[in-house]
Amino acid sequence: MTNTTDNGPLLEVRNLSVDFRIDRKTILHAVREVSFTVGSGETLGILGESGCGKSVTCMSILQLNPARTTIYPAGEILFEGKDLLRISPKEMQHIRGNRVSMIFQEPMTAMNPLYTIGTQLMEAVRLHRPGIAKAEARELVLEAIASVRIPNPDRIFDTYPFALSGGMLQRCMIAMAMLARPKLLICDEPTTALDVTIQAQVLELMNELKEKEKTSIIFVTHDLGVINEMADRVMVMYGGRKCEEGETAEVFLHPAHPYTKGLIASHPSPDYTGRRLPTIPGGVPSLKDMPKGCPFNNRCSLATEKCAGTFPEYREISEDHLAGCFALEQQGENHGRV
Amino acid sequence: MREKKLKETIQATRTRSMARDVVKRFFRNKAAVFGLIVILVVLFFIIFANVIAPKELVTAYDVRARMAGPSAEHLFGTDNIGRDTFARIVHGTRITVGIGVGATLLSLVLGAILAAVCALFRKADMVIMRIVDVWNCIPAILLALVLLAVFGGSVGNLIATLAIVNIPGFTARIRSVLLNIVEQDYIQAARISGTGTGRLVLRHILPNAVNTIIVDATMTISAMMLSAAGLSFIGMGVSPPSPEWGAMLNYATEYYRTNPMLLIIPGAAVVITALAINLFGDGLRDALDPKSLK
Amino acid sequence: MEEYKYEYHGRFFLEADGLSMHFPAKTDAFGRTTSWIHAADRVSFKVPKGKTLGIVGESGCGKSTVGKMLMNIYQPTEGRVLYDGVDITHLSGKQRRPYVKKMQLVWQDPYSSLDPRMRAGAIVEEGMRNFLPELSEQQRREKMLQILNMCGLYEEHASFYPHQFSGGQRQRVCIARALSTDPELIVCDEAVSALDVSIQAQIINLLMDLQEQMQLTYLFISHDLNIVRFISDEIIVMYLGQIVERGTTEKVYLHRAHPYTKALFSPTPVFTPGKKPEKKTLLQGDVISPVDPPAGCRFASRCPYAQEKCRKEDPPWSNLEEDHYVKCHLFA
């Protein structure tokens, strides 16, 4: 079902649910029964609009959701065979930044404004290789800065974050994330805050690093174009559920779930000449008002009574292409491939 | 089906009148309700002081009943010359709370006007802020002492003095809040919709600043009550026979070993009133914020 | 300065004539400004009634500054704004009022552009209260509800506070507010950038519907080429305060000429389902500082085709084809 290597997938998330406890009475379901795998060297794109649970899913892998309010009612997150939901905080600390790194959307706030870029990168090195000589650490950091194609690493080393542009800072973040040579890199909308020409540079750089280091990547974004360019496989999420999953080209060419179809249609391709942009009616409901059953049922043109009851089983549309929608059942096995 | 569902959600979230929302949200906050109750009691004392305890009792002394403990006749006992503590506390409410509230309101209004001028007009801002800077450089206590020494220590002068000392602080704090709001897009949007400066301040800027101002003001009220007490202690505030809580407190320090009640009662009065005002202010701030509507 | 010749086949409506905006960057000990931020330099364009002009560029290219100069939020350092032939750049508050009524703005961030303490109805009614005093309270309310309806909101929404709306609905309220004074021109400053993709399409469709119904003129400022191309009749591409390419949407989009336009168009991960995008022009480096920009072409530091000449001489405007102009030495 997945691109497994000899030793099985690097990361396997099984049936993950995440709840947030707001007050004594209210529990919000942020993520519901999501399963996916990431093979080594593979890039998985998680695609969805705001509030679909894509960021929460990623934060769960590193246990970065606010501890006081987050509940994991079910599921397993198996990373190299270990269930990350059940290991000690100390073990987690070791995995974070060492085996798994993360890059955030806002490079401006992800760096501490009080320390130079060099100091912060050095700290990252020493955290994961305690006892390393200062000179050696510095060497490693300069190498890392150079590897993200920043000219004059020496100068950048002694620069404070405020003096750098968003694109430069995001490169530094990537350098920092790659310092420990992680097996898995989680990128949460890493290029959304950047200008288009800078975004292109950063994406190119990430693709290059991936080739070189054979790192697995989870790439979270709302931008179909970025997914198309970066991801081998894609998982589409809506309302905390996985709606569709499969190889990127396959999913984008033959979308099966009505939400995926709508999302692709509302992204005008260069040769679209219609008078109006196709849209999905309505808006994404807040977690509090998320409909029961299939979360998309109140915006879906194919919705029936059944959809408001339970979430459908996932059906295999073709090899390595899953979708969860009742409409697929009624219309027979091969409907996804019109 | 979808239409119906939409209508239902709209019904459910349909909002009531603004005032009712505020009241409802306020009463959900228990601490704020406690504050309100205490404030009502204090107000009751202020309005009906003469009914609760005849005014003569404040100064009438009864040497035979010196340092008496609480009894039916003297609810909080008596002091070293036999004055009824309860009557003094009740009548002292007017003075202490009056000074605190009066000085705060006066300085708040003047400070807010200066701050609004600063936030809206850049040239005036330069001038006013330099004056405020100089003003802030004069130690507050010295300024207060000088003013009281020149004009005498009456309740009115005490209010005026404390207000003058407080204005620069209010101006600077409110100005920074207003500057923040003035930069928001919705202020520009209101301008583009043709809203004049007066309406802009009243409808858009002040309602959004009110949060911070309320908390600031309530904290200042309690601080003012304590300052008034301090000034009375060094003989620059209200003169001894008047039952100002701070003056009573200072007076009682001499006797705290023999009669701790003398110290505890006015102390508790100050603390409870100040706390109640703060809790009430917090509750009011939350209630006025439409985002806390659930 | 006559920088280009540009023929329109219609009535001019809004005209920007050599607009420049320079902000002081540094002052010496005597308060004299020693260096300037060139936010916009000699920007000129004309928009006919009922059409949409798209302004495209990266952050810091001056596109928002241009919008703010038109709305008189900034007083231009140089140049004029003509509204239906009338110079409105230096009008006093009272003289300006009839024009303020006709020009409205929709902001990027639907969160900070609505007063959190006012209900949607009151927000929409505010402009009417100021500019349409002849309306009675009843008429105002009716008009407000009608506008909300046009913007795809229900009557019930009039009593909602901004935080009770989703992002897309908030932007609808912003558009409703802009429509309340019966404007002729609306400046949309990144009006859909903060919204989800499926919501962006809804808002764009709404804007286009409203344009058809009310003969509105739009100035659509955005960094997103796919959207600008969809809504605009003409496009201006800006880089570091200057216009570098201009023309009708089709021509700029299909025959993009300036190296910057090419780079700007290609890196947007253009979406063709199932197809890996082709190799694209990658620009090196970042946008240079707008403080005292160098002589010559401002794009020279990032341009893959830059020559000696580009660093010294300001490139002239060249006419490539009908209604398509570019400011680049390559075409001179």
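Order of writing sets the chain letters: A, B and C. Residues in each chain are counted from 1.
By definition in this document, a contact is a pair of C-beta atoms (placed from the backbone, for glycine too) under 8 Å apart; a residue touches a chain by one contact, two chains touch by 3 or more.
Keep in mind it's a predicted model, so treat the numbers as computed, not measured.
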item: Chain at maximum distance from chain A, centres defined as averaged CA atoms; value: B
item: Chain pair, B-C or A-C, that carries the greater number of C-beta contacts; value: A-C
item: Centre-to-centre distance between chain B and chain A (centres being mean Cα positions), rounded to whole Å; value: 51
item: Length of the line joining the C-alpha centres of chain B and chain C, rounded to whole Å; value: 49
item: CA centroid of chain A to CA centroid of chain C, Å; value: 33
item: Multi-chain contact residues (two or more partners), chain B; value: none
item: Residues of chain C touching at least two other chains; value: none
item: Per-residue overlap in chain A, given as positions that touch at least 2 other chains; value: none
item: Complex interface listing, chain B residues touching chain C; value: 6, 10-11, 13-15, 184-186, 188-190, 192-196, 203-204, 207-208, 290-291, 293
item: Residues on chain C engaged by chain B in the complex (per definition of touch); value: 71, 73, 97, 100-101, 103-105, 107, 109, 112-119, 126-127, 130-131, 154, 156-157, 159-161, 163-164, 174, 177, 180-181
item: Residue ranges of chain C touching chain A (in the complex, touch as defined); value: 58-59, 166-169, 196-202, 204-205, 208, 223, 225-226, 230, 263-264, 266-277, 280, 282-283, 286-287
item: Residue numbers on chain A that touch chain C, as the complex places them; value: 49-50, 165, 167-168, 195-201, 203-204, 222-226, 228-229, 248-250, 252-253, 262-264, 266-270, 275-280, 283-284, 286
